[in-house]
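These are the structures, in structure tokens.
In what follows, subunit A forms one complex with subunit B and a second complex with subunit C.
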Partner chain A sequence: MGKPVVKKRKKTLFQKFEPIFYLAPAFIFLGIFVYYPFAKTVSESFFLLDSMGKVKEFIGLENYVSVLHNSSFVKAIFNSLKFTVFTVPFSVGLAFCLAMIASKKRKTSPIYETLFSLPMAMSTSVSAMIFELMFSPTLGIINALTGSSIKWLNDKDTALWVLIIIQVWMNIGYNFLFILSAVRGIDADKLEAADVEGANVFQKATKVVLPLVSPTVFFLLCNSLAKMIMMSGLSLILTQGGPLGSTETMISWMYKQASENSNYNNAYASAVIAFGITMIATIITFIYEKKGVNYDN
Partner chain B sequence: MTTNRVKKRSKVGDGILQAIYICLGLTIAFPIIYAVLISFMEPSQVLAGGVNLIPKKWTLENYKTALTSAPLMRFMLNSLIIALGASVVRLAVSSLAAFAFAFLDFPCKNVIFMVMLATIMIPADIVLVANYRTVSSMGLINTYLGMMIVFFVSAMNIFQLRQSFLTFAVSLKEAAHIDGCSNFKFFLTILLPTNVSTLLTVFITAFIGTWNTYLWPLLVTNQTDMRTVQVGITMLNFSEGTVYGPIMAASTIVMIPTLFLFFTFQKKIVAGMMSGGVKG
Partner chain C sequence: MKKIVSAVLTAAMTASLMAAPVSVHADEVVTFDVWHSMEGSNGEAFEAMVSNFNDTVGKELGIQANSVFQGSDTASKLKTLIQAEDTENMPDVCLVYGASLPVVGDYENTVPVDDMYGAGTATLAKEDILPATVQTYTYKGKQICMPFNSSTLLLYYNVDAFNEVGLDPENPPKTLDEIADACEKLTVKDGDNVTRYGFNAELDRYEMVNLVGNQGDGTPFGDNNNGRDGLITEVTCRDQMLNVFTSWQKIAETGGFKYNYDNQNEEFATGANAMTLMSSARIASVTNLTKDSGVNWNVTTIPGIDSSTDKGGAAIGGASLCMFDKGDDAKKAAAWEFIQYAASAETQSTWCQATGYLPINVNTEKLDDYSAYIKENPAVQTALTQFEATKPNVQEPVLMMQGSVDTAIKDAAVYLCEGDLSPEEATDYVIDECNKLFDEYNRANQ
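Here is the complex of A and B:
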């Protein structure tokens, strides 16, 4: 009688510790590369650091005051926000239009669905190199087609717009596939009811389909909002923040402070500010979600 | 008769519509097609500018230049090692944790799960500099391990795999235990083989994500021969004037692996997106 009880107790003791073996690898890496650096970034942003990253003394909010008085960083904040404000709605909106026209399955739909979603397989670097040639003032196809002589990436008024166009292009495929599967999931009766009531294509898209896929659209907005506020790759590859700081973003600025100037005071403070702005933007989207997103159907 | 005519008309209309959609698709894919076409052009034609898309004379000269004047193959190899290494480790780490969250009981399981999921809210760029400090203090600058170590875990992947594991019938697991199967043996010999589809999805998305990543490998490498292909391609230096042909050739070479994976596993990638998201 005693034996099985002992055996059972032994087993529970082992079972007690067993989950640790499965969870340990994940939490060790999360600890070293997510929790720890996050805590370090936030806490050390209140200290004076030397160029080796060593903590010198507590200085409170001084790093933040200094960063926010730096006109190049303030400009970077506005550039990041402008980039986000234009990239996110355009890439979701265009993807929605594409999903609307592709919603019905036809003989050739696999062909154009693949073509619509192709940009999502492209990396930032390769897209940047291709668009750099397309927007080249002398050799590029854009100026050749339009007959203009705009300097695009070399002009402070147009450079950020070029980056916005490239990013919208890169985002379309991913957003399209998401919205397409949501649109195809809609109850056919609801669409037919709209047809019976004589709704035109535009009314059908905005009054019937859009409310029904609003949870997906909301997910995409949240998802791309954070990514776009953090954009740095295109800027670092194509313009290095220029001309005249017109394409500097918060993260490209942070990157340069750390890698070129070894100024960790500025780097950590700007990282925390970028994180704060992302949080605020996400909260605003969530407030909007309560009003605009319809989960009932 | 009228219905017949309407049907016929709508059939023709549908055909025209499909043709328009394919043209629209080609417009969206145009930058990719453009890069490929330019890569086969002679330098003189590239330099002429204007709207000329079809190479007058198809040449492989640009590919030769791209492959000989830059260690492009070395860059590809570096990227391959990092993408493979990071994806394999991530798959192992994530599925172990997902198994614990799906099948094992332990105190504060929900809280721990939430703490794990909360990391999704922290963008990689925010911790970039602090991670650079950590990796450099470990002496991992210019090493493969340093380039891939930050990609070894993804809360999103753990979540995706847990969701997939949860669909496995608990009764089958209990039956396995009665047969004397330990948790680990169950995990390795029964659970993983029945979830190959999800594992493949996670692997492919992790591979594409790591292959395409730019900023982190840029930060932790400064030797040319340790650059990944995404970093290397932005630093190619060719003699002035002939520059774009070889760069488009290099771009074409670099996008082939991801485009190939995308075409082959399109359905799997879409399924993966719906259950979590491609991190790129």
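Here is the complex of A and C:
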């Protein structure tokens, strides 16, 4: 009599927990490598830590006050924001233009599709080294072709711009692939209708195509916004934050505090501040999503 | 039936996996790990040294070194293991740079080599090691690591360019002011464009430590015996630093001074810059590069402020071998044998000829093959003379915030060269920044 009941209960229990088993590997991974270190960083940023990262005493907000009074970190915040403000629109915008040009399928499509998306397959360090040689003031091709004597990465007024150019180039491939597939997915009738109404290329791109691919563009904006605010690779490889702190970003500053100066007090506080700024930027893009993104195509 | 077969197969496979390692453990050779960060031709020379050790001393004593290339972040990996108290994964011997001295010096499982002299085969005595290099790796009264690959800063100059403008290549500049004069003469301009710079140098932490240290009878950068008896609390070389910045400004005002590096080796080797400050470890690569360009060059000792009174000498750069106690006495003894081998006159001779580093064992020069090598490479002789004359007290300060000190000095020098700071202001800038960094660090680590 009791047997079937037990069996049934067992089954429902398993069914109840089944999704958790599938999710567990991902959650354990995220927990160990993301959530636990994040919680530890936030909580220990309120303590005085020695050069080995051992907690000494509770000091409240002192680490934050000291970091925000540090002129080199404040400069790094502005550099990160400037870098983001220029790289994100340019890399999405240029990728959109390329996708428009490449949208029609032709015999030669695979060739230029590959060419446009190639930067995606390049690692940061390899691209950085190639561009470093190109921008070299004495041996580089750019000064040789233009005949200029600009110091590029060695000049505080141009160094960040060089990093922006490299980053835009690196982002285009990835963005191009996403936008291209979205553009090709647009209903041909809608484009034909636009043609019949007499829309020119520019009108077609901004009034028809852009609204229709806006979910993809939104995803790319969110994705690159967070990545660009957190950028450190190019700066650490090419300029080490110099000259005169002009290419120091929040994360390169944080990295140097921890690894070169054994100063976990500054490192933890700056990490939390960088996270806060990135979160605010992401929230702003989500507000934009409600107004600008069109999901009913 | 299927189930039984698969169970038997699984059991058999598991058993075979477990059986394999047992047979390897049979002989009693003691193996130990050596971590290093040497790349390219230096990496090959390092591997060759390890395999020579294994074939000779190692074979006799039944010990085998296993060398592991850990890349440029060896120091961070070591520090991570120390932080995690993970002795099991520690190397037995590790190549560490001067900046890591306090990290290994304060670590409880580090075995100071000072305590090891006389142990084992006892083939190496402390007197065999050049005193200044011993001091470089001395912390809180004990020699922590064994110097291994050492180098020193030199002034490289283009002999052809000297002849061309009427400077005597046998009498290269001895002071920063003489460099300024020579720089002006050596500079070639085409309108406003400089086609040959007289002098190319960045004034970073290492250069500043050398130029300050060289003054008088040797000037330390900070207090507490340059950080070797305790944490540095303040910069103590204000006057000497001001001297350096004052002369540096004179060099900048010549208009033929390039104060940043693009391709330092290549530009010097092709004659684009007539003089430059570089480590002696670059002698080999400059020799190779000038074979193609045909440029004649030479090196001289680092410049002083007043050549008649400056007797300090240069701070020694490079890295050292450090050993750790992992709770296994056999491995500890083996590690010490390896370090003795690496620091021996014979090994240093082979190693230095292959890499261009300078021998830390004072007996190396007495060996025939090394003295023949010196005769063929006069630039190395100059480096060696400066290396051996250096005073122990001018060695690099022990700084845990080396990166930020470097940035402060570099930035001040750039501001000075661009005319934004006077020598006094540049000196104050560096001292303020450094003292702030010391306060911040010492507060958390006292």
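Just so we're on the same page, the second predicted complex is superposed on the first by the 268 of 297 C-alpha atoms of A that agree within 3 Å, B and C clash if a C-alpha of one lies under 4 Å from a C-alpha of the other, contacts with A are read in each partner's own complex, and residues count from 1 in each chain.
Note that in this section contacts are C-beta pairs under 8 Å (C-beta built on N, C-alpha and C of every residue); 3 or more make two chains touch, one makes a residue touch a chain.
Since the structure is predicted, the reported quantities are computational estimates derived from the model, not experimental observations.
With subunit A as the common reference, the superposed partners subunit B and subunit C clash. Residue contacts after overlaying the shared chain place A:Ile251 against subunit B, while subunit C stays out of touching range.
When the shared chain is aligned, subunit B comes close enough to touch A:Lys16, but subunit C does not. In the superposed model, A:Ser125 makes contact with subunit B only, not with subunit C.
In the superposed model, A:Phe38 makes contact with subunit B only, not with subunit C.
Residue contacts after overlaying the shared chain place A:Gly53 against subunit B and subunit C alike. After overlaying the two complexes on the shared chain, residue contacts for A:Pro243 are found with subunit C alone; subunit B is out of touch.
Between subunit B and subunit C, B contacts the larger number of subunit A residues.
Residue contacts after overlaying the shared chain place A:Ile186 against neither subunit B nor subunit C.
Contacts of A:Ser259 after superposition: both subunit B and subunit C are touched.
Using the contact criterion defined above for the overlaid structures, shared-chain residue A:Cys222 touches neither subunit B nor subunit C, since it reaches no partner. Residues 53, 136, 138-139, 259 of subunit A contact both subunit B in one complex and subunit C in the other.
Interface residues of subunit A, counted against subunit B in their complex, comprise 15-16, 18-19, 21-23, 25-27, 29-30, 32-38, 40-41, 44, 53, 98, 101-102, 106-108, 111-112, 114-131, 133-134, 136, 138-141, 144-145, 169, 172, 174, 177-178, 181, 223, 226-227, 230, 232-233, 236-237, 251, 254-255, 258-259, 264, 267-268, 271-272, 274-275, 278. Within the complex formed with subunit C, the residues of subunit A that make contact are 48-53, 56, 66, 136-139, 149, 151, 154, 241-245, 256, 259-263, 265-266. The residues of subunit B lying in touch with subunit A in their complex are 14, 17-18, 21-22, 24-26, 28-29, 31-32, 34-35, 38, 46-47, 49-51, 53, 92-94, 96-97, 99-100, 104-106, 112, 116, 119, 122-123, 125-134, 149-150, 152-153, 155, 158, 183, 208, 211-212, 214-215, 218-219, 230-231, 233-234, 244, 247-248, 250-251, 254-255, 258-259, 261-263, 266, 270, 273-274, 277-278, 280.
The touching residues of subunit C, counted against subunit A in their complex, run 76, 82-83, 102-103, 193, 260, 262-263, 266-267, 272, 400-404, 407, 410-411, 414-415, 437, 440-441, 443-445.
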